[in-house]
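Okay, so here's the structure we're looking at.
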């Protein structure tokens, strides 16, 4: 079993694997997102309360989930790289950060657009959106710390440490924001939670979620090749790869 | 090599700083009663080598071991036995020379003010023991840093350009301190550009 | 006769306090900043104490947060600049003891001073005397937690040129739960309801941060010292 | 293709039950974000490859290359 793990640590293998996997991920992502869009927009029945506005969930929920998933995988990849000194972990963390940040922005925009019909304003400090906003600040902190160092290997390790500290704080932030929201606004305001959904509404959501995950995999593989090249520029295998 | 058994040994250390391959497979060994003079043009990694040896910088490849054990396994025990003098004299401007020594040496071993004053005496700066370090000249600061290395009574000295800013008298004091340290069973790794006039078992290493 | 960890801790704390009191003006700066920021709010909002009292916990805590952040930069910066940080790291005591001692001494000089000044600011913002006990306790826990979060941030950014902007960017998101529970406790104390719940959360945050942050700050410093 | 019948008439589909102003911008912005991710990933890889080639030429020029 360990050869599989050992292979993951060798840059040429990661570089080649990323190149091979990217198109597969992208193709599967296109299919699942396509199906999710058609099924969600056309066939899923409108919500009895929110009418067709609820269809925004097919973009908001997957992107909110992806923003957290990407941050967790960034922090774990960084932790593995920091503890076991595997350079590829830093490459995965560096590749994962911008994707996660873009999904966080998407979740925030779709969340506030969805909130407009419900609350009458684009921003009403909904606990989930507030946590999402703080998550965006964590992303910006990690990405700017990584690029602030001239020596990329130190930037990687600093960003990995901040990623771990951030990951430990995400649940604390989420809980304290929820506590703060319930303190001031009480639970009356309809929060952005996922309403209980019948199958016809749920299937498109699951396929959109799967589609976004596959898309994340695809873009991660594409970015990873760039990150590996940046870190292994002097290595012999890069010269062969470039020449071919 | 039995020499490495009870001294410092560095095997094939590689260090990259960004794209620059600063240390390319450097190896050395340093036993008791030995002095290693490391020299070479600027930017060839002399200071980086010192930082690797004292355990501040972990090399990408290669091994540093002290008395047979790798320093990464027992880092603070190893660092307790060494005294490192960096390129700057590393003194707090607001503290007096004596206070600087008390706080620096006091973390390594219990030491009395008299011992510190005698160390300052031996490096010729006893007069400015109670002056704040910021009013001292560069040469005096270097002598205070020398007194700190002396007062630590460490068995391994790692000195980065110890002779900078020293006048003739200062260089003689430095050379005699090095000689008595090495004669007394200690070992020293000195980075310096010019020739060292220390009568002891001295080897030279050129970093290209 | 190697020096024990506690003795080294005491020596480093004495060193930090000695250094801080050699430059008392630098000690006053964060406190004056704290006073200035809290006077901004009445000028910007209104002078009726009744209105100010509702905003007082938030104003007090935001001002405390920002002035603590201001002083965090000096935690490792001066030692890193003149090379003494390396000497401390190499003294054979292990970097964690040094980081714990330096952060604790830094909190004594900045956070604790802030807590002592806060009654003055509290009365200025119309906080009733009855709420002072909770306010002082919550500020004490809050500033200690912030010093530790700041130690991680300062450890990461001390070697960078424009490090202190990045320091705030890194530390503030992590300090938001602190602000929520701190201001929440003070707010409840003012309105007379029991603030015990929020204080328990704040204390939990403080204990959690004070136990884990030293190791994170040590790793951060080790990365910078390379 | 999907369980619920297609009771939505095509003209009414675009109005999204009156919420078109909110639903379509969301999906449009989602498209923008997905597109940006693909574009920036490709651009990042191309830039990295360029830097690697330049480093290779520099190494060849410096005669390091065996």
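Order as written gives the chain letters A, B, C and D; numbering starts at 1 within each chain.
Here is the rule we go by: a contact is a pair of C-beta atoms (placed from the backbone, for glycine too) under 8 Å apart; a residue touches a chain by one contact, two chains touch by 3 or more.
Keep in mind that what you see is a predicted model, and the values were worked out from it rather than measured.
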item: Per-chain Cα centre nearest the global Cα centre, belonging to chain; value: C
item: Centre-to-centre distance between chain D and chain C (centres being mean Cα positions), rounded to whole Å; value: 43
item: Intercentroid distance (Cα basis), chain B paired with chain A, Å; value: 49
item: Mean-CA-position distance for chain C and chain B (Å); value: 36
item: CA centroid of chain B to CA centroid of chain D, Å; value: 55
item: Chain B, residues touching no fewer than two other chains; value: 19
item: For chain A, residues that touch 2 or more chains besides their own; value: 233-234
item: Where chain D touches two or more other chains at once, by residue number; value: 55
item: Contact pairs between chains, per stated definition; value: A-B, A-C, A-D, B-C
item: Complex contacts: residues of chain A adjacent to chain C; value: 82, 134, 137-138, 140-141, 144-145, 148-149, 154, 157-158, 161-162, 164-166, 168-169, 172-173, 175-177, 179-180, 183
item: Touching residues (chain side chain B, partner chain C) in the complex; value: 51, 54-58, 75-77, 79-82, 84, 86-95, 99, 103-104, 106-110
item: Residues of chain B that touch chain A when the two form their complex; value: 16-19, 21
item: Residue ranges of chain C in contact with chain B within the complex; value: 1-3, 8, 11-12, 14-15, 18-19, 22-23, 78-79, 82-84, 86-94, 225-226
item: Touching residues on chain D, where the partner in the complex is chain A; value: 1-6, 8, 13, 16-19, 22-23, 25-27, 29-30, 33-34, 36-38, 40-42, 44-45, 47-49, 51-53, 55-56, 59, 65
